[in-house]
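As written, the chains take the letters A, B and C, and residue 1 is the first residue of each chain.
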Amino acid sequence: MSFFTELDVSVIAPSLPFLWTGLKFTVTLTLIAMSGGIILGTLLALARLSPFSPLAMAASWYVNLMRSIPLLMVILWFFLIIPLITGYPMGAETSAIITFTAFEAAYYSEIMRAGIQSVSRGQVFAGQAIGMTYAQTMGHIVLPQAFRNMLPVLLTQTIILFQDTSLVYAIGAKDLLKAAEIAGKNYNRPVEMYIFAAVIYFVICFSLSRLVKHLQSRIAIIR
Amino acid sequence: MIEINNISKWYGQFQVLADCSTRIAKGEVVVVCGPSGSGKSTLIKCVNGLESFEQGDVIVDGTSVGSPTTILSKLRSRVGMVFQHFELFPHMSITENLTIGQIKVLGRSKDEALQRGLKLLDRVGLRSQAEKFPGQLSGGQQQRVAIARALAMDPICMLFDEPTSALDPEMINEVLDVMVELANEGMTMMVVTHEMGFARKVAHRVIFMDHGRIVEDATKDDFFGTPRSERAQLFLSKILSH
Amino acid sequence: MNYHWNWGIFLEQVKGGDETYLNWLFTGLGWTLAVAISAWLIALSIGIGIGTLRTAPNKGLAWFAATWVELFRNVPLLVQMFLWFFVVPELLPREWSLWVKQDLPAKEFITATLCLGLFTSARVAEQVRAGIQSLSRGQTMAGLAVGFTLTQTYRYVILPMAFRIIIPPLTSEFMNIFKNSSVAFAIGVMELTFQARQMQEDSEQGIETYLAVTVLYFICAFIANRGMAFLEQRTRVPGFIASAK
């Protein structure tokens, strides 16, 4: 195999600090979009389940719209088109953060909706029976249980989100993949850099998916 | 016809079968009973190799089940089996359920298989249901079809693994009737069941199992008349008091 | 908002060419459909094979299938695109490598289709495995008891039922493949997203362009959904209610 003897891994070490900056942005983007997405997603889920039908309908429209178009299109919409409408251009990084939060909220909301519905109605009645308001019942009784039941699914979605952040490549934000590409051009060793980036993605996602498996078995026992 | 010679089986540390031996002659009907978890279902599945075993051997019509050179699918095509939960193939019509084995395993022509299938369907009284799907039949009807499916392969013997225990009480008899008729015709049968009425009516021998062992292996009259083991006596008194 | 609307843009000619922008979008739609549908065929055939192997009694085969799934599931699709496009040709023997780089016809399309197909095969395999495992062990036993070999049991008993059970999750996977095909723009396949960017730069009518392309993606998703619903209805088993597991 001539290929492996030709691989020059020595170029990886000097580019590590640069790649690290890229990875830091990838992780930051993932974490912000995850927290924002779960909060916004939970609100969307509550809206969809609310008895006030215009609100429920608006939320369901938003979720279905986001889920039927490619993420790449959403990224381009937010970066190229929305500034045309608002008149305020945004940097690629800021735009990416807003896009991913808004986009992932739709997916997290479907998970939270399933989670809320997995909590038995008896729990809601029990909360109301001791005099809690709707908001209190949701906040203290239903949502904590929904969140716990759905933790593995939420995490799985986060792994997908982590992988999807690589698509910010399309608007030139400097994430891990973009950093690897630039480093590859600088040293004229794109092959090594792409492989290295792939390995990093794999190691992180694979470890997280093991964690999810572990959580699933733990939660199965608690139930 | 069926020789079970000293078979033992373990699930990890747990021994499910301990040194079980018995013989079933051609034309004989043997009922296997015992409390749940006693290993009777495992034992009957060892006869056609659906469950493996670590020690001993089973010989069916001269063929060793444990031997690595035995082609198990060949052997199984000659041994009919009926399951507790019927296990008809849900995506096939009743006719297809009855013919697929004949066509794909025995290499019969479609016409031949269909004729044989319909004849057996007649026999279990379900000719009118031929074009339906399993999900559209009652449990008792499904189990009768399952018996017909096994018979369609012209088996040399039949294994029944708790054929009536998943059925509603009012459906049990329609299945037992078919089995009694089969026994009276001289079919070699090994039947795991709690239906002691059936055992009294047609069994030649009764085997009682407990904790993976064959505790009692006696003729029907001896078993119901003077069971030797205390456990068998206890089991009988519990079952018959219903 | 001082945006200059021009809904007639689609019928105007592109700069320096005799096509209209509408032609560009339809070319894009054509490539999107071509990539998505060919990749789906690859994903289905390999996914069914790998998913089945994951339930195989042979440890080695099951391990191979599990590794396949983990590999294709844990690396982002875009990174996989780059691996297939820039890295894999370097892995090949020299003559093949040259041929792939210089003479392979429709190189971008073939690479993108293969990549998307293999990526999706891992997801299909997981659905197939779940479908098989949702069937009772008794069904396998019943197949074997009739005298089928293990292969025949899978062919006639297990897979036909598993396939019916997994049609709903497969539907969303089929819709995903249209969405995911947009990633092929990164290696230069002239599909919808590629054409959207090109048209926006060329015409400077961003809003009209992106609205039109978004609607086209919608239509793809809708047709995929209806197609699978039709299949589901056609393969419905009378009297069978899939148990929720």
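Definition applied: a residue touches a chain if its C-beta (ideal position, glycine included) is under 8 Å from a C-beta of that chain, and two chains touch if they have at least 3 such contacts.
All of these numbers come straight from a predicted model, not from anything done at the bench.
Visitor: Measuring centre to centre, with centres taken as mean CA positions, what chain is farthest from chain B?
Guide: In terms of C-alpha centroids, the chain at the greatest distance from chain B is A.
Visitor: If you average all the Cα positions, which chain's own average lands nearest?
Guide: Chain C is the most central one.
Visitor: Measuring from the mean C-alpha position of chain A to the mean C-alpha position of chain B, what distance in angstrom results?
Guide: Distance between chain centres, rounded to whole Å: 54 Å.
Visitor: Which integer distance in Å separates the CA centroid of chain B from that of chain C?
Guide: Distance between chain centres, rounded to whole Å: 46 Å.
Visitor: For chain A versus chain C, what separation do you get between their C-alpha means, in angstrom?
Guide: The separation of the two C-alpha centroids amounts to 21 Å.
Visitor: Note the residues in chain A that touch 2 or more other chains, in rising order.
Guide: Nothing qualifies.
Visitor: With touch defined as at the start, can you tell me which chain C residues reach chain B in the complex?
Guide: 136, 138-139, 141-149, 152, 156-157, 160-161, 164, 237-241
Visitor: Of all residues in chain A, which touch chain C in the complex?
Guide: Contact set of chain A toward chain C: 2-3, 68-73, 76-77, 80-81, 84-87, 159, 163-164, 166-167, 169-170, 177, 181, 190-191, 194-195, 197-198, 201-202, 205-206, 209.
Visitor: Can you list the residues on chain B that touch chain C in the complex?
Guide: Per the stated touch rule, the residues are 45, 48, 50, 72-74, 76-81, 83-85, 87-91, 100-101, 104-106, 132-137, 149-150, 153.
Visitor: Considering only the defined contacts, which chain C positions touch chain A in the complex?
Guide: Its residues touching chain A are 1-3, 70-71, 73-80, 82-83, 86-87, 90-91, 94, 175, 178-183, 185-186, 193, 196-197, 200, 206-207, 210, 213-214, 217-218, 221.
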